[in-house]
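Chains: A, B, C and D, in written order; residue numbering restarts at 1 for each.
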Amino acid sequence: MTEPLDVAGLQRRLAEFAAARDWQPYHTPKNLAAALSVEASELVEIFQWLTPQESERVMDDPASAARVRDEVADVLAYLLQLCEVLGIDVLAALDAKIDRNGRRFPAP
Amino acid sequence: MTEPLDVAGLQRRLAEFAAARDWQPYHTPKNLAAALSVEASELVEIFQWLTPQESERVMDDPASAARVRDEVADVLAYLLQLCEVLGIDVLAALDAKIDRNGRRFPAP
Amino acid sequence: MTEPLDVAGLQRRLAEFAAARDWQPYHTPKNLAAALSVEASELVEIFQWLTPQESERVMDDPASAARVRDEVADVLAYLLQLCEVLGIDVLAALDAKIDRNGRRFPAP
Amino acid sequence: MTEPLDVAGLQRRLAEFAAARDWQPYHTPKNLAAALSVEASELVEIFQWLTPQESERVMDDPASAARVRDEVADVLAYLLQLCEVLGIDVLAALDAKIDRNGRRFPAP
């Protein structure tokens, strides 16, 4: 039976994956935050020499589309693992943040 | 009526938020990837001088817990907006990546 | 008497500065690399929503010019401190790298 | 005749290198800042799963020492190129920053 494709299910798969490989000692919040930022930079690297217009078409090329998909997956993987070890509900955190931003940047 | 608290609902709220403020011209994939990496680094900044052990206790202090929650929300916000403009299903991308990682790093 | 304004002199001032404040225990290579990347991202943040053309004019505004100068100084500060603790001659490392790049990307 | 091994000389070599390959159109301040942050993250990647103690010994292994040297060179290369296109004297910027930091963090 497969896990449902949602944040909680993916978080569980990632936790089991790390546990099966004894990776938990490496997964301190500090290390996971660093790994997250490294993956975010690998995403930036794809775009670094592109014009804004070229960056809009990055998914047109199958090889670069696969690379982008791979890197966004890595970013989400570390974000979910970080939130898991810190006990943060990331969806609730974003929901609350959008509310705060609504007050900070009122729509015209 | 509130949006359901899931990735699709948050992605919709973020898209409406940006549209209401005419931010779309700024939201090129290149700029969103840069913004994502900047937020990931703000998360790293919280941990940069902490020992691994101190990093485990970062949620014990209400002020630093709020800061961490704020930054993970920002990372997810830019990740979802990037995936939105690129037409990427980020949950499916991570699901596929975990499968690939399972083949790349077989459990002992 | 002032130190000469060169890399070795700045490196010495930075080392004395950290020693006088007992910051050495924090200055592990791992932490300094993280701090360097955080400062590099603060530089990216200045440019993140600018067009390529606007980014060319960032020094025209005194406030943003000061901010850029401040961030490049921070990047260099952590780079020199990292090289100091690792015993790396950063100028020699770049010199060797330009030679390697000359072989890797032959001029047309 | 070789260039002297100092910041000005390296900056000149980098400028000639880029000019000979017609890379200047890519070298907007925005792109160079992004490239700098990507290289800084490649440095972080070397350290991301290491303990603080292991990170102190990273130069003991010739392969990882070469990798570190390579990445610090890349960081300096993009930092110098960014300062070149922006007309910033990076050594003077750091000198001024250390002075400011001395007032901000008085030694005990």
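Here, a residue touches a chain if its C-beta (ideal position, glycine included) is under 8 Å from a C-beta of that chain, and two chains touch if they have at least 3 such contacts.
Here is each chain with its UniProt name: A, B, C, D = Nucleotide pyrophosphohydrolase.
Keep in mind that this is a model prediction, so the values were computed, not measured.
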item: Copies chain A and chain D touch via same or different residues, half shared test; value: same
item: Pair of chains joined by more contacts [C-beta pairs], B-C or A-B; value: A-B
item: Whole-Å gap between the CA centroids of chain A and chain B; value: 5
item: Rounded Å distance between chain B and chain C, as computed from the means of their C-alpha atoms; value: 27
item: Residues of chain C engaged with two or more neighbouring chains; value: 31, 34, 37, 40-41, 44, 47, 52
item: In the complex, chain C residues that touch chain D; value: 5-7, 10, 13-14, 17, 20-21, 28-31, 33-34, 36-37, 39-41, 43-44, 46-47, 50, 52, 55-56, 58-59, 68-70, 72-77, 79-80, 82-83, 85-88, 90-98, 101-102, 105, 107-108
item: Residue ranges of chain A touching chain C (in the complex, touch as defined); value: 34, 37, 41, 51-52
item: Contacting residues of chain B [partner chain C, same complex]; value: 26, 31, 34-35, 37-38, 40-42, 44-45, 47-49
